[in-house]
Every structure is written in C-alpha cells, then in structure tokens.
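What follows is subunit A paired twice: with subunit B in the first complex and subunit C in the second.
Now for the complex of A and B:
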C-alpha cells in the first residue's frame, strides 16, 4: 500500500508541478492570477487530441502544435485582455487585481464556450506515446505516466536553468523583483511580459497535452484545473516557484493517500482543509509570496 | 344614476367577456391548424445531450416528411439546459408559458428530471424523460398520482437497467466465462442509488460475489488508486455504473492495462463517437444499452440505426432510441386524442402499446411501483449488451439476438482468478 501511494503520488505530483509552474511564474513576474489557466491547458490537450486523431498528424508534430496552442492562447490573453486593461484604464493596484481576475474569468468562459462549440463538451484523451506498463517496486505503472513525470521534471529543470543561468532569464527574474528598476535600466518591460506570457503558454500547453494523455481533459473541466492550480500556488506561496513545486508534491501525495486510505470520492477534501488551515496560520503560504 | 352606472358596467363586462372569448377562439383555431410544438431539452454539447437532440430531430423529420400529425407539422424547439437544474426549470417554464409547447422530451441528468417532474404537474404538460434514469422519477409519479400523471419515461429506470446489467453479466461473466468475484464501481449520482441496491442483491443470486461497491465522485480525474485497490481484491470483473464520467475510467483502465473486463453500464459508450473521444481506449469495453445497429430487437431498430448514422455520422446511443420513440409515442397519442390537450395526450399515452426502435413500449400503471416507466423484460423492452471490438459496437447479449462472442483486450486475463 505504502509503495503504491509513493509511486502514484510521485507521478501525479510531477504533472501537478508542471501544470502550476507557469501559473506561479506568471504571478511572480506580472502579478496576474490567470483564471483562464485551466482552460488554456484544456485547449492544448483538445487541440492535440484533434490533430492526432481526426487530422491524423504525426504524434510528435501534434504534441508540438498542441503546445504551441498554449503559447498562442497565452499571447492572446496578454494582447487582448491584460495589456489593454493595463494601458487603457488607469487603475489603482488594488483595482487592477480585481479587474484582472474578472477579466480572466470572463476570458475563460469565452474560451470554454468556443471549445464546447467546436469540439463538444466531452472529455477527450490523447493516445499514449508509448503504450505498455512497467513494474516499479511491484506497482504496475503505465510507461507513458513515467515518461510524462520524467518530462515534467526535465522541463521544470530547464526552466530553472533558463531563469538562473541565462541573461534573458535573469531579466525575467529582475522583472519579478523590481520592475521599475528594470525599466530605469532601459529594458522594455512590455517585451519582457510578452516573453513571460509565451513561456507561460508553452508550459501550460505542454502540461495540457500531458494531462490529456494521462487523465483526459474537457472544456468544462478547465475551471477545475484552475482550482487545483490555485490551491497549489496559494499553499506554496503566490509567486514562489520553489514553494509551488513543494506544494504540488504535498497536494499530490495527500490526495493520493486519501484516495487509497479513505475513499477516492473524498480525495480532494483533506488537501483543501489543510489549505484553509495554512491560510489561517500563514496567509502568505508556506514559502512566502511575491 | 346608479342604475345607469351599473347597467353600463354590466354592458362593459359583457363586451370584455365577448372580446376575450373571441380572442381565445381565434387563438385556439390558430393553434389547432398550426404546427404542433414539442420541446426537447438537454445539454446538447455533451454526448448524451446530442444523442437526445439527434433522436428527436430524426423522428420529427421522418414524421413531417410523411405528412405530419394529421396534416400538421411538428415544430421541434430546442432548450439547452446547460446541465443545470435552475436553467432547466426556467427553460421548462418558458417552453410551456411562452412558446406554448404541447409536450416536452429529453433531460439527461436525473437531478434535473426530478426537479422538472413537479413542474410538469404544475404546468400540466406531458413530459417524457428520455435520458435520466433515477427511479425517483417513477416513484414521484406513483406517490403523487394523478397530479403527476403528465410525466412518462422512455429510457429504462436505473433498477431496470440494473436488472438488464445483472442478466447480461450473469450470462456472459458467470455462465460463459465462469467468473465468481466482481467489484461494483459506480458514480456518486442520484440514479446509482437504486442501481447499486439492485445489483448488490441480484449479482450474488446469480453466483457473482460482489467484493465491494466503490463509489466514485463525478469529478474524479485520477482512477489509479481505484484500479489498484480493485486489483488487490482479486476480482474477476469490474461491473460499472457510469453516465456522467463515461470517458476517464475507460481510458485509464486501458492505459493502466487493468487485467479484468469492464462490464455493466456506461451511458456514453453507446454512441460510436465514444471510440474517437477515447482514442480507441474503449476497445473491449462491454456495456448494457437500449439497442445496437446489429441487434434487430424490432423491425424498426436497424433501419433507425442506419438512418441515424447516415444523418449524424455516429451511431445512436440509448438516449437517441428513447427520444426517437418518445416523439412517435406523442404523435400517436395526439392522433388518437384528436387534439393537443394535455390530459387527452396523457390518457392515450397510458393506453399506448407501441413497437418502437428500442422494443415494445407499454407504460406501468398508477398502481405499479414506477408509474409511467416502461415495462421491462421479455415481450417488452429488454436492451442489449454490446462490446467495442476493433472500432465497432457489436451485440454480445442476449444470445438469441447477438451474433458475436466476448473478445478480450490483450491485457485482460480471460480466465477466472
């Protein structure tokens, strides 16, 4: 039982980690809680399902295009929703937060309705890249799940390398710490935001494809994915990538343990109770906030 | 002066009464000559809602092209309930009060059908449920008859579905495959209460021990713990009851190569589009359903299936058969009643003995436990069990109709444990 909880917990946590890294990165740099996050994931998964199944594209090409769908939606969100609100309406910081939340919520409903209209509101699944199973300490596990978990951590590692070791990444890091200072140094903050939204879209897009491969996605399931991501980043500390990764594992293991030890029908409950307790005791999350 | 005033008052009352009577007469005359409006309601973006809409559309197109109902066309008005009881209630009221439909058909979610049942009684409009299976609907009609007499159902109630699942699993899993131990895995929804109870009693009576009943939340995304728990129980087969979460358990069963058959009832797996949505992961799944394209339950079953496939590029699901038959039942009732009066339609529906695409439909009476639900069993509606084999749904039960045998996916052990 313990081995099963550990193996299943590790696999689901890896997907949670990848699915929320972009969400928290975006908040860290732009201060935006993008409530269209789950629908961006769902759109990428559905696009890949369509390209691989109906359009019969090569699986790797379909996955690449599905990920690019995430990039496209990320950039569209920035260009159509975020930037106009910031530039056209001179809002106070407090008002801006509320407006962004409402705007991204409305945007997610638009995306959801568009997806439902185009593909129907049905859950769809992307075929596994490598079918078959492998035994991990006696626990039978789909090879695809192991690959997805490995890929998730590789992408997160690549993101860490990019942010901490490259000049472009350091600029993004600086934008998250002191955006005004960066502007005074002559850096075009708008260009930085475009790069961040593209990276966010890429991370969300790839996560959406992988979630569609392992769990399946649907247009109306987008808000549920957003709620999971929201819980994880609030628990870890808004804007803290490290906190998010640890919180993703915490939530993943707590949910899996609950499903095994109590009942699958209440798997999300203990994690939500812990989240409320953390908010009472440490409102900034486990690892602080931006 | 007072006399003159009261005389004028009486005259104006008479004039007003005459005007209203004339207006009503004109309206009634127009209503009797114009198209007969029937409302269809479901969440159309979902696979089951689309099946309901398509079944209704198919029937209306056929009836209208054959001359309508005694010369009057049927006008099908669509109401998308978005899977929400409050939206459905508002749409139902609008349909009756504003659009003046003569009858309503549809509804996939049992929670919505239970909500709408009193409304059909209050608004006095015939309402045929064609997607929701909770026994509570029939019980409500029974307990509140005659006030709730307007509600009928042409999809099998959960207890009858459980009966069909039990019989098919008994024949296929117990008698043919010699299985002895099952796990019941059903979604946490209104309709599975009576479904679970019936199967927990029926399956052991047929020699299949139910090791455990696992309830699954309808928003479950990861089924890994559930399947691993089931595997640890050394069960031979998983008997399912899923309508809302049709896709995810099936895909993860295939991806995780859970080495036992999935049988029982999966509401979404009845339509051929399910193969595409699961990217073929449904290979090997067995589900009880109303009918299939290769099961000639009645002379209408196969022609309907073929016409439906041609028209909508997917095979009909159980809800398509139910809605198609419901529209024809309404047509016959209106023709026999000679009018669209609700009570007259109800009287004719209660007397109906109709051979539809899903079987011979006769409704249970006011003294039966599930009033206005279809009679189930031999000589009435029986249903079939189909299995997904290489992209096609093939009938595997009952043996007098099914031409195919159970086939096993590569990862499923055929022998009992």
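Now for the complex of A and C:
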C-alpha cells in the first residue's frame, strides 16, 4: 500500500512538476500569472486526442502537433491579451495585476467555450504510447506512465540547461532580474517576451499531452488544473523553480495519498487546505523570496 | 467633486426614478418569463455591485464571490429545509453567515499581497464545493438542497423583491463610496503605500469593505435561494459563476456602483438572446467583456459619461 502510494506519487509528481515549471517561469520573467494555464494544457491534450483518435495520425506526430498547439496558444495569449493590456491601457502597477488576472480569466472562458464547441465538453484521454506493464517494487505500473515521468524530468533538466548554460537562456534570466538594464544593453525586450511565451507554450503543451495521457482532460476542467498549478507554484514560492519542483512532489504525494487512503473524490481537498495554511503562516511560500 | 452635494444627489434621484419606473413593468404587460429573466438579472446585479466594491474601490480581485454567495444561500437553505426558522429569518441568517465566513476568509487573506489574495479566495470556492460534495448526505451534493418554504409565489412580487434589494444595495453602496470611508478605501485601492504613509489602517478598511460585500452577497444569495426553491453548487458555489459576476461588473463599468447593474442586466438579456448559439454564447459574452476591458475601461456606464461630456 505504502509502496503503491510512493510509486504513483512519484509518477504524478513528475507530471505536476512539468506542468508547473512553465507557469512559474512565466511569472519569474514577466510577472504574469496566466489563469488560462490549465486551459492551455487541456487544449493541447484535446488536440492530441483528436489527432490521434479521429484523424488517425502517427502518435509521435500527434504529440508534436499537440505541443505546437500549446506554443500557438501561448503566443496568442501574449499577442492578443498580455501585450494589448500593457500597451493599450496605461495602468498603474497595482491595477495591472488585477486586470491581468481578469483578462486571462476571460481568455480562459473564451478558450474553454471554443474547445467545448469544437470537441464537446467531455473528458478525454490520450491513449497510452506503449502497451504493457512493468512491476516496480511489486507495484504494477503501465510502462507508458514510467516513460511519461522520465520524459517530464528530462524536459525539466533540458530547461535548466537552457536557462543556466546558454546565452539565450541567460538573456531570459536577465530579463527576469532587471528588464530595464537589459534594454539598456541593447536587447529587444519584446523579442525576449516572445521567446519566453513560446517556451512557456511548449512546456504547457507537452505537459498537457502528458496530463491527458495519465489523468485525462476536459475543456471545463481547465480552471481546476490552473488551481492545482497555482497551488503548487505558490506553495513552492512564486518564481522559484526549485521550490516549484519540491512543491509539485509534495502536492503529488498528498493527492495520491488522499486518493488511496480516503477517497478519490476528495483528492484535491487536503492539498488546497495545506495551501491556505501555508499562505497564512508563510505568504511567500516554502522557498520563495520576499 | 465628492464634497459637492449636487453630484451626490443627482444620481440618487436618478436611481429612485429608474427604480420606480422599473417597478411598474409587471403591470404594463411584461410577460412572466421576461420578468423572471429580469429578476435573476437583478440578483446578479447585487452580486456584481458587491464584487465591484472590492475590485473597483479596494483594488482587490475577489475570485471567491461565490464563496460568500454560497454561504448565504446554503445557510438559508439548510435552515429552512431543517425547519429551523421562517424564510426571512433564514435569509437574515444567510447574510450574517456570509459576513462571518467573509471575515474568517479575509482577515488573514488581506495580509497577503498581490495575487495571493485572489488565489486564496479562488481556492476557498473550490474547497467549499468539495466539502459540499463530501457531505452530500446533508447538503444534497451536486443536486442541492430544496427549500420547502417560499417568500412569494407571484412573479411580480418576486421581481419587486429583487428590484428592492438591488435598489437598496445601490443606495447603500453609493452613499458608502461617497462617504469619507469610501474615499479612503478608494485611495487605498489606488495607492496602498501612500495611504499607509498617511496613517490609514489598510487591513481595517479592506476588511470592512469585504464584510459589506459579503453581507449583500449573502443576503442576495439567501433571497435567490427562496426564489429558485433550491440551493445547488452549480448556481451558487461555482468558480465560473464568479467569472460571470466579474464580467458583469466590468462590462457595466468598474468603480461606478450603478454600472454593474447595467452589466448584470445586459448579461441576463444577452445570454437569453444568444441562447441559440449554445456554448458559443458564453464565448461571445466573454469576448465582449474582453473588448470592453481593453477599449472601454469605464464600461457601459463610462460610455454614457463619455457621450455626455465630450472632452
């Protein structure tokens, strides 16, 4: 039983970690909390499900196109919502964050309703990539789930490598620390934002496909995914990628434990309550900076 | 401008005239069905006005409007279905319950800065929803609690109850935001650091605003429960209902008190006309709200003002 919780917890946590790094990266660099995050995940998952099932595409191609859907939605979010909000309305800093939340929330509804119009508001799941089952410490686990968890950690490692070891990644880091200074160094901040949103979209897209494979997604379930991502990111400390990874595991294990020990229907409840307690005791999150 | 009695009195006279003119609608041949749409729209208007007190004046995005409304609705419904009290006492208890729940939620949450407040309020709705489903033997789960009593059966009476509530809410909130309290609240919302430097206790003001918002939300929630005859999660405790309230307030006009009434009625009527579009109707409404947010930050009411006073 305990081993079962640990194995499933590890698998789910890996996906959570991947699904939230994009969210936290975006906040770290642009200071934007994208409430449409969960719906972006759902859209990519649903696109892959459609391409694989109805359009009968090669699974790998479908996954790649699903990830590209995420990139497209990420860029659309930036071009249609974020940039107009910043350029059209001369908002004060305090106003900007509430308007940003409201605008991305409206964008969520638009995406969600478009999805349910096109594909119907039903939960869908992407079929497993590889059939078969493997025993880990006596726990029967689909090979596909193990692959998904491995892939998640690989992508996170690649992201870490990109941000800390490449020049383009360092530019993004610089933009998160001091955007004005970066502009003075002759870097086009707008181009940096586009790159960040594209990376964000790619991460969210792939994560969406994997979430659809393990948990299933639905258009109206997007907001709940956002809430989970939000909880993880806040628990770990906004903008702290390391904190996010730890929090993803924490939430993943708590949810899995709850599902096994109490009931799957209240899976998300303890994590939400813990989140509120943490916020009251330590508002900057477990690993956040003030 | 706020100290000028004229500028305070004129909108109030306008409110009285419009309310009285609206009150005769049932007697000039408006059908019961249309009346029921307007009744729901007016309840919605109360939610939107209460929400805008926090968003427009206190500068906080409360994503947990339905936490407050739901507390009012469920308190009233559970008391009534267990035969504890008469409907009006149930509604009063609902409003009181919402204030208590709001204070419990907001007192710690308001110490949080930036997006954290919004997050906590959003999470509060999700927790409440899960708890209702978890204790479904008492709360009826997703189906909801049916209330055995009614306050009024006639469509016209119900319409007048909703209208009266909306008018009283608008009156109280308008006087409030034009009072010294309201001006300080607005100052806090626009520049909390400077307000703090001037010596105002930010948490105290925001908490009071939150409780007032909770009171009207809970009151309307309780009354609407008796109007609908049931309290269910999809109507009262739902993040997407919260989104509708936000849309209504923004479309109507942020920081205007009366604007959200227009917004809520617009939403009620628009969703009726857009019904043939199916799920696209919500998309259309969200799109309209987004366009209004970008190009008309003052909302519909802002448009009226713009037309009246070209600058």
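Criterion: the second predicted complex is superposed on the first by the 288 of 290 C-alpha atoms of A that agree within 3 Å, B and C clash if a C-alpha of one lies under 4 Å from a C-alpha of the other, contacts with A are read in each partner's own complex, and residues count from 1 in each chain.
Please note the rule applied: a contact is a pair of C-beta atoms (placed from the backbone, for glycine too) under 8 Å apart; a residue touches a chain by one contact, two chains touch by 3 or more.
These figures come from a predicted structure and were not determined experimentally.
Engineer: One more residue to check, A:53. First (subunit B), second (subunit C), both or neither?
Structural biologist: The answer is first: A:53 touches subunit B but not subunit C.
Engineer: Of the two partner chains, subunit B (first) and subunit C (second), which one does A:12 touch, if any: first, second, both, or neither?
Structural biologist: first
Engineer: Quick one: is A:79 in contact with subunit B, with subunit C, with both, or with neither? Answer first, second, both or neither.
Structural biologist: Neither partner.
Engineer: Kindly classify A:154 by the partners it touches after superposition: subunit B alone (first), subunit C alone (second), both, or neither?
Structural biologist: The answer is neither, since A:154 touches no partner chain.
Engineer: In the superposed arrangement, which partner chain does A:121 touch: subunit B (first), subunit C (second), both, or neither?
Structural biologist: After superposition on chain A, A:121 lies in contact with both partners, subunit B and subunit C.
Engineer: Which partner does A:224 reach: the first (subunit B), the second (subunit C), both, or neither?
Structural biologist: The answer is both, since A:224 touches subunit B and subunit C.
Engineer: Mind working out whether A:265 is in touch with subunit B, subunit C, both or neither, as first, second, both or neither?
Structural biologist: Touch status of A:265: both partners.
Engineer: Who does A:144 touch here: subunit B (first), subunit C (second), both, or neither?
Structural biologist: In the superposition, A:144 contacts subunit B only.
Engineer: Taking the superposition on A as described, I'd like to know which of subunit B and subunit C A:185 touches: first, second, both or neither.
Structural biologist: Once the two structures are laid over each other on A, A:185 reaches no partner at all.
Engineer: For subunit A, give the residues common to its interface with subunit B and its interface with subunit C.
Structural biologist: 116-117, 121, 224, 265-266
Engineer: Hey, which residues of subunit B end up touching subunit A in the complex?
Structural biologist: Subunit B reaches subunit A through residues 43, 45-47, 50, 188, 214-217, 219-226, 228-229, 231, 245-248, 251-252, 255-257, 268, 273, 276-281, 411.
Engineer: Mind listing the subunit A positions that touch subunit B in their complex?
Structural biologist: 4, 8, 11-12, 49, 52-54, 116-117, 120-128, 131-133, 139-142, 144-145, 214-216, 219, 221, 224, 255-256, 259-260, 263-267
Engineer: Considering only the defined contacts, which subunit A positions touch subunit C in the complex?
Structural biologist: That would be residues 33, 81, 84-85, 88-89, 92, 94-95, 97-99, 101-103, 105-107, 109-110, 113-114, 116-117, 121, 220, 223-224, 227, 230-231, 234, 238, 265-266, 268-269, 272-273, 275-276, 279-280, 283 of subunit A.
Engineer: What does subunit C use to touch subunit A in their complex?
Structural biologist: Touching subunit A: residues 55, 59-61, 63, 108-109, 111-116, 118-120, 122-124, 126-127, 130-131, 133-134, 189-192, 239-240, 243, 246-247, 250, 278-280, 282-283, 286-287, 289-290, 293-295, 297 of subunit C.
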